[in-house]
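Should a chain be cited, it is by its letter among A, B, C, D, E, F, G and H, assigned in written order, with residues numbered from 1 in that chain.
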Amino acid sequence: MTLRITVNGKDREIEAEVALPDFLRAHDINPRLVAVAINGEVIPKDQYAGITVRDGDALEIVRMVGGGAS
Amino acid sequence: MTLRITVNGKDREIEAEVALPDFLRAHDINPRLVAVAINGEVIPKDQYAGITVRDGDALEIVRMVGGGAS
Amino acid sequence: MTLRITVNGKDREIEAEVALPDFLRAHDINPRLVAVAINGEVIPKDQYAGITVRDGDALEIVRMVGGGAS
Amino acid sequence: MTLRITVNGKDREIEAEVALPDFLRAHDINPRLVAVAINGEVIPKDQYAGITVRDGDALEIVRMVGGGAS
Amino acid sequence: MSDTLTIAGKQFSSRLFLGTGKYASPEQTLAALEASGTEMVTVAIRRLDLDNPNARTELDYIDWSRYTVLPNTAGCKTVDEALLTARLGRSVTGSNWVKLEVIPDPKYLLPDPIGTLRAAEQLIAEGFVVLPYIHADPVLAKHLEEAGCATVMPLGSAIGSGQGILTLDEIKIIIENAKVPVVVDAGIGAPSDAALAMEVGADAVLVNTAVAKSQDPPLMAAAMKLGVEAGRAAHLAGRIDRKPYASASSPTEGVAQAAPIARA
Amino acid sequence: MSDTLTIAGKQFSSRLFLGTGKYASPEQTLAALEASGTEMVTVAIRRLDLDNPNARTELDYIDWSRYTVLPNTAGCKTVDEALLTARLGRSVTGSNWVKLEVIPDPKYLLPDPIGTLRAAEQLIAEGFVVLPYIHADPVLAKHLEEAGCATVMPLGSAIGSGQGILTLDEIKIIIENAKVPVVVDAGIGAPSDAALAMEVGADAVLVNTAVAKSQDPPLMAAAMKLGVEAGRAAHLAGRIDRKPYASASSPTEGVAQAAPIARA
Amino acid sequence: MSDTLTIAGKQFSSRLFLGTGKYASPEQTLAALEASGTEMVTVAIRRLDLDNPNARTELDYIDWSRYTVLPNTAGCKTVDEALLTARLGRSVTGSNWVKLEVIPDPKYLLPDPIGTLRAAEQLIAEGFVVLPYIHADPVLAKHLEEAGCATVMPLGSAIGSGQGILTLDEIKIIIENAKVPVVVDAGIGAPSDAALAMEVGADAVLVNTAVAKSQDPPLMAAAMKLGVEAGRAAHLAGRIDRKPYASASSPTEGVAQAAPIARA
Amino acid sequence: MSDTLTIAGKQFSSRLFLGTGKYASPEQTLAALEASGTEMVTVAIRRLDLDNPNARTELDYIDWSRYTVLPNTAGCKTVDEALLTARLGRSVTGSNWVKLEVIPDPKYLLPDPIGTLRAAEQLIAEGFVVLPYIHADPVLAKHLEEAGCATVMPLGSAIGSGQGILTLDEIKIIIENAKVPVVVDAGIGAPSDAALAMEVGADAVLVNTAVAKSQDPPLMAAAMKLGVEAGRAAHLAGRIDRKPYASASSPTEGVAQAAPIARA
């Protein structure tokens, strides 16, 4: 049975619950360059190791981009 | 023993509790031309008769004046 | 032998010298509604009768038109 | 008999006709720092020596001063 | 042309609202109101002088059957003062309309966006018809409209300054987005200012100082009436665009030539 | 109030002069003239189309007994063209008045100060009543007044641009110094512009494009009439000064207080 | 002359803050930052493209040891979006500074005074150093200062419009009353705009579009640097007052006269 | 970047010309000239005080080997005064350059277009290099260029008024049409004004009062230098257009969402 999550607004399926660092590594994402929120809560960088991505989670993974004002 | 009230920010003394209509009449105030608040509550015109001015009350008695903006 | 004149900047040929009133009449022009200059000189209306259009003359025939500014 | 001249708009009297260089020297004026016009004609610096101040002459003697615009 | 303004269900044929402050005499007040053709007159609410409770004011001379009275909260620095003054104004005038002002700063008399919205929400809940005086802030205007205000009243420039419409661009945006009437309040110094506000689509203007402190208030009131009507008519007539270049209003061809081309 | 304008001995009760160019139809021209209340109408002088010498123009529909006709030299790039066109205009209209324009540049249509003065001097010597169109240059205006011009007509902004009165400061100086009427010409785009010119003391304004090219010329003509009257009345009524700070129009004392000072 | 700007205890010798959006290439971004002399650079926070998680952006080329990074909440339409984006920005940049924007309207990009204050209060409670972008509303600016914001950032005109400082009078009032640095943000189109803001006493300006979209961003960045320095120096040097009349800068007496009074 | 200005064959690397009037002391004059980086300095010509013929002035302290001296005809009300003063200036300075002013009006100090052209034609015939001070009249500027003037010097606003560039539109037209350098003279009150003139393409600006009467002339001179350099660089860098609407400088997509769509 697969788990359904959303990442940056898009539905995704994962095989099983996974630790956040593993999830990022699996997607070739450098944790240093991003910030992550799960279900609206921003995850402090030093707590990634303890966080598990679960069924129904909504992840936001962001980075810096060029921009000055709206 | 006299009662102390404030009217429009000034301290006043009255002999005894008094009905609001009598208070206004005693001060030669035309009820039609004013509005009255007691302790921050505006008194509806049709309830003046039932209102008694009591010790410690703070009355605001106002009228219309020429004015456009602050 | 024909005579060559210009009227409002365009070359024209006429058979022979002609009185200005006849010239205007021949072109169906109402003298009341126009002004005429010949070779840069404006012809007063009361002198049309005495003016003859001659070989080489440059006529300007103008009227009022709607206009406010350049 | 004295001669009457004007210098910079003021009437002055001089004993006798005088060469312009002597006139300037007599008034402690450094020719290098001024320009001179007599009766409206500016005198070229190399011609001062040949110029005589005569009765009735109007001299203008000017210098540079600080200024930017009217 | 029938061209009525409707505010909270009430119709007005005059789009000039008048204040009643600063006049030299009751006679001038009355003459100015008359000449202005106004149908909406705003008044302030102040403490009665108990030592002289029956002193007559200019307002006692006004025939109130001819005008909609609009009590205002001028002078109120806080939300609480504005709420109390609005309620007292309703009691004394019998009208539940209020021109809402919350103005903490005495020097520039600029309104408080936060306090004005809070007071508006409360007064609307109490059944008031609220016409809030605001800075020309389009987002704030939208908040007040959504809160249920009957109009928005953006300022043209500082109250009583006569500097005219310095906020024209913002006022245009407010008008573009507003679903309630937009009344330009404060700063109007002359009819050209009133006309300009109306030309860009304001529904009405409120004037006080420019009339009351002019050399001839009744004549200036008449001038403001003409200016508002001029601006409204121009808005309906559709003005030409502003162009960076010139454009002749006469035919460019056919000018008579003094010197014809010479010929052999 | 009797308030007539006198130019070269001729009196006008309307201070709005109208041009006749750019209208969509003769009907619109007539309706706009009617609605504007104007008494002075300017016309251009152009070559007759000899292939169609009796083609009627909007001008044939105008009842000239009602208006002072003001022939202009619009389109003339040189002094010679302006002189010839002025003389032709006098012949065709029977009027010795002329709105003098010498405009070498076709893009910005800005008048030539040197050529305009030279042409004015010549035409005045020939007995013309000269109303010169000029840049808002106070010293040039004084030269033209001293040359004997009947008015000066400084521009507000580029002809037909509708940019309004961009030269207000210079126009104020011209008005302050002028001994002849000052008529603001060119640039007026809306009644607020016309009102502004009149408020600072202009004696009249001339409008063409702003009326003719609006969406509704007769209504805009009526709007301009109101704007000119509003500005004139405001000028006579004496407007308030512009102030950098605010100034309350309501009493600053006596606001009711919700929270009285507590007492033992 | 040592003239440092201090914001939340951090010192800046450059008073020009730069945005990083809209550049044609990373090379231009770096060259512009270099030429501007800026010490404070603002960046946006956006979703990572998971299909291309390691795509490099201009920001990857910046030596962040040289600049204070200022994450912003550009693009956030609501308080909730702004709060989340601010927190994500803190996590990704490691900085607790935030340029706060709450901008509901996509057309004019005007900030929400109510939402901005609410978000500011929350973020300050969470330990953020908040630099709020606001309409040039002096009363709102005071509310934000009292809420504990590190600066206020009033707009000069609409974001990216290049219309310059249309809100100069309000900005002067904000500066007069502010106890925190005032940074003029949005609308600056050229160095003259930046200089003007600094001349009236702004503590710094933030520029993005005017540099990034110019024909030569590095040269325009250098021009902005000069403009900010010019305006700051002029502010310290104390400019002359504006006068309605002229005043000669040369002696009015002593001009040489060509025609002396004739004599018998 | 080599970017020299050439006037009558002479090259200048500084585009800021300075006047020498109104300084509080010779020291300030020298310090301001030094700080401004100017290479062109204008001076007035006045009658010598015969009672004190060797009184030193600020000018005696200037090292004239470092500056091009530009004698002016400031104070001349007529063509004859200007001609005589120009000739005297040439004699005293040894330079045939002249900043030509013919200014009849003492209150507004506005130049005479007719007299200025006449004097320019005469002086050019006498071999002068003429830099005429004029009203911002594009047609007049063209006349003076055609007469052989080395530059045109249109005013920004009244001399010494510090009102800035009120004639920007006309100055743009002059620049668009001019084949000689355009130097904006008069009215500049702050670096933002100087920068603005340079941004629209002026070749140089002349400043006097704004520096001399500031609270700190040397610092203001430095500020003007920066402002002129900023404006020139911005002109070369190509500024963005002014837009009536906003335009975001950050990506409009990809903002993180706090509230994901709920799922069954």
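We adopt the following convention: a residue touches a chain if its C-beta (ideal position, glycine included) is under 8 Å from a C-beta of that chain, and two chains touch if they have at least 3 such contacts.
This structure is a prediction, so every number in the text was calculated from the model and none was measured.
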| note | At minimum, the number of touching-chain hops separating subunit D from subunit H is 1
| note | Contact-pair count is greater, between E-G and B-E, for B-E
| task | Starting from the Cα centroid of subunit H, hunt down the chain whose centroid lies farthest away. | result | B
| task | Just give me the whole-number Å value for how far the CA centre of subunit C lies from that of subunit D. | result | 66
| Any idea how many Å lie between the Cα centroids of subunit B and subunit F? | 61
| If you average the CA atoms of subunit C and of subunit G, how far apart do the two points sit, in angstrom? | 70
| said: On a C-alpha centroid basis, what's the spacing between subunit C and subunit H, in Å? | reply: 54
| remark: In subunit B, the residues touching two or more other chains are 8-9, 37, 40, 60, 62, 65-70
| remark: Where subunit F touches two or more other chains simultaneously, the residues are 19, 21-22, 44-47, 72, 74-76, 84-85, 88, 108-110, 159-160, 208-209, 212, 246, 248-251, 254, 256-259
| field | Chains grouped in pairs wherever the two touch, ordered by label | value | A-G, A-H, B-E, B-F, C-E, C-F, D-G, D-H, E-F, E-G, F-H, G-H
| message | Residue numbers of subunit H touching subunit A in their complex, please. | response | 246, 248-251, 254, 256-261, 263
| said: For the complex, give me every residue of subunit F touching subunit C. | reply: 18-23, 29, 42-48, 50, 53-54, 57-59, 69, 71-72, 74-76, 84-85, 87-93, 101, 103, 109, 133, 159-160, 185-186, 206-209, 212
| query | Which residues of subunit F touch subunit H in the complex? | reply | 104-105, 108, 110-114, 117, 135, 137-140, 142-143, 157, 166, 169, 173
| note | The residues of subunit C that touch subunit E in their complex are 4, 6, 8-9, 37, 39-40, 56, 58, 60, 62, 65-70
| message | Considering only the defined contacts, which subunit B positions touch subunit E in the complex? | response | 7-10, 27-30, 33-37, 40, 42-45, 60-70
